[in-house]
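Given below, in the form of structure tokens, are the structures.
Paired with subunit B in one complex and with subunit C in the other, subunit A is shared by the two complexes that follow.
Then we have the complex of A and B:
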């Protein structure tokens, strides 16, 4: 999954403001709070069949890192 | 998984038809700015993260029963009736631990000797109470039932708790259900409901019940307030509401694209938006009043129905999908086709 795809979910589906969601932004700086992680997890499971919990997503250091993490889960499923 | 369909319209008697709607809100508006200092939050954060701008607080002398009387009277006026066979009050904040509040409400409404009882099913309470009323009607036990959802959430909310203080508000909504034909407009469709008691601690008031009776003198004041595990609740709310709504629509013979309006318990705007998104119901078909009234628990669904009807967002013939979720955990969903000639009474 690309950074652009993750950003689209975070902004269009999770309602986060777009500007702070940059590839290098740490999750907190990007506005990705715990509820956004839950929403992202639910969307990934419902729309892409990727099961990754909010706790697992929260280990990412930045948004781009989170996109790579999701990609690894998508490949391994 | 305990999504159990309950189908009151499958030939076992009359259907419960919505014929009246009423609502009442305490006049005191409490904007975010009034809460922010004591919970270290901001108006912007509460608006963006919860979707609430203000909520209503009942004055100290006003309790759940008083608000239920106001909403109930308006619902009966909306239906053009002066009597019912039963009154069911959904609430998590009864006036007292004992007795039930409903008989007092019936007394105050001038409904002497009517069957009246409380239902506690968290924020799903109103849909649960409607399901009970539909059962009473289907069995022939009652032909006309007043169902009220009323809450004094300020009785349970710790004003210093950042996790709950911005969310909840007080208010009441009510509906009249009357016996009618199963496929009449306004008839409640099959109900999908369920519970998961393994998560009873996710939203709870630890003290004040029978379980803590031996340590009554040692409970901390905070134990008498509602506690909520936000993320856990959020995840389960979205999953359960989405599944129950899908199931209820299917039981009614609808595809989700048929749904004209989704009436979802107003827990948090992000929950509602996520549920609607997963159901692929466009935002324009999802009325909301959480910005103005907050989360009013069991009063939420009837308040939203009344407000949406009053604002013309619910039109005759609309296919309406109701869904709720809350403490218990408990959830419920059902359907109805919006009836013509129903005018909600808000004053």
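Then we have the complex of A and C:
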């Protein structure tokens, strides 16, 4: 999954403002709160069949790192 | 004691915060002032440009529990979020103390920050505190907003809270466990708590219901022994026979609102509260329940902002005006 795809989900589905969601932004700086992580986790499972919990998503160091993490889970499923 | 914000680059509108450490009646507590104005001092003093919004949240929340609302409101006016005694990082509130003491602590906060007047939003457990502030000191409250308010917790919710208090107070950490370890006895409690805060029967008509249920369940399961005991103390307070003092509120513009599917504090219960506030407006958010601030965060903030700006609340596509 690309950074652009993750950003689209975060802004369109999870209600985050667009500007702070940059590739290098730490999750907190990007506005990724606990509600956004749960919404992202549910969307990834419903829409893409990727099972990755909000706890696992929260280990990402930045938004781009989260996109790579999701990609690894998508490949391994 | 205040921790000031670091210097900000020109044009930076990212919300930032000041932490204020407060003390009242031998109790330490803390508040955050979140704002985007680099001239952070403009809102202090007798003639503020705009009154800040003091947010008094729910029983199981701390001053970091409203990131979505603060992000949407802070660009317009500073948002003050507080760990009153008995919540978050604050000292414990003695068991015999209740909402009167919490309202007095909130008013002391205004004195400490040098604020003549603020807008006050009390949500759920915060509603009886906000109501008392407006009743006692209408001169200090520019506008009163109550979200998820009731005179009295009733029915199965009341029975559940009694049971939860008994359950929490009847258990102790096991050998080798500290008060800061997760309290495993809360497993069943977590599921039932969620079922009382979220209208699971109407989950298909409530936006983001699945996500909110999952978030609340996870938070409940992570509750430590120390937090669980505080929850029990909060539950005891909301079991008081009358959460709101008699006499009503006059002289303060007021908005009472909740989700149309709220079963924790029903629309009827909220309406009964609104009837005690002269000239108040009652609004129901569509496709939301007691957790409307999470389910419809954008609309929740939009409603709050419109009220703070004295803009009409009729005709909003996401709400009913009762």
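The working rule: the second predicted complex is superposed on the first by the 77 of 77 C-alpha atoms of A that agree within 3 Å, B and C clash if a C-alpha of one lies under 4 Å from a C-alpha of the other, contacts with A are read in each partner's own complex, and residues count from 1 in each chain.
The criterion applied here is as follows: contacts are C-beta pairs under 8 Å (C-beta built on N, C-alpha and C of every residue); 3 or more make two chains touch, one makes a residue touch a chain.
Quantities reported herein were computed from a predicted structural model and do not represent experimental measurements.
Chemist: Have a look at subunit B and subunit C on subunit A after the superposition and call it: clash or fit.
Modeler: clash
Chemist: So, A:54: does it touch subunit B (first), subunit C (second), both, or neither?
Modeler: In the superposition, A:54 contacts both subunit B and subunit C.
Chemist: Which partner chains sit in contact with A:20 here, subunit B, subunit C, both or neither? Use first/second/both/neither.
Modeler: second
Chemist: Which holds for A:34: it touches subunit B only (first), subunit C only (second), both, or neither?
Modeler: Both partners, subunit B and subunit C.
Chemist: Residue overlap on subunit A between the subunit B contact set and the subunit C contact set?
Modeler: 15, 33-35, 38-39, 42, 54
Chemist: Contact residues on subunit A for subunit B in the complex?
Modeler: Residue positions touching the partner: 13-15, 33-35, 38-39, 41-43, 46, 54.
Chemist: Enumerate the contact residues on subunit C facing subunit A in the complex.
Modeler: Residues in contact with subunit A: 14, 67-68, 71, 208, 210-212, 214-215, 218-219, 294, 297-298.
Chemist: In the complex of these two chains, what residues of subunit A are touching subunit C?
Modeler: 15, 17, 20, 31, 33-35, 38-39, 42, 54
Chemist: Please give the residue numbers of subunit B that touch subunit A in the complex, ascending.
Modeler: Against subunit A, the touching part of subunit B is residues 48-49, 230-231, 234-235, 238-239, 270, 273-274, 277-278.
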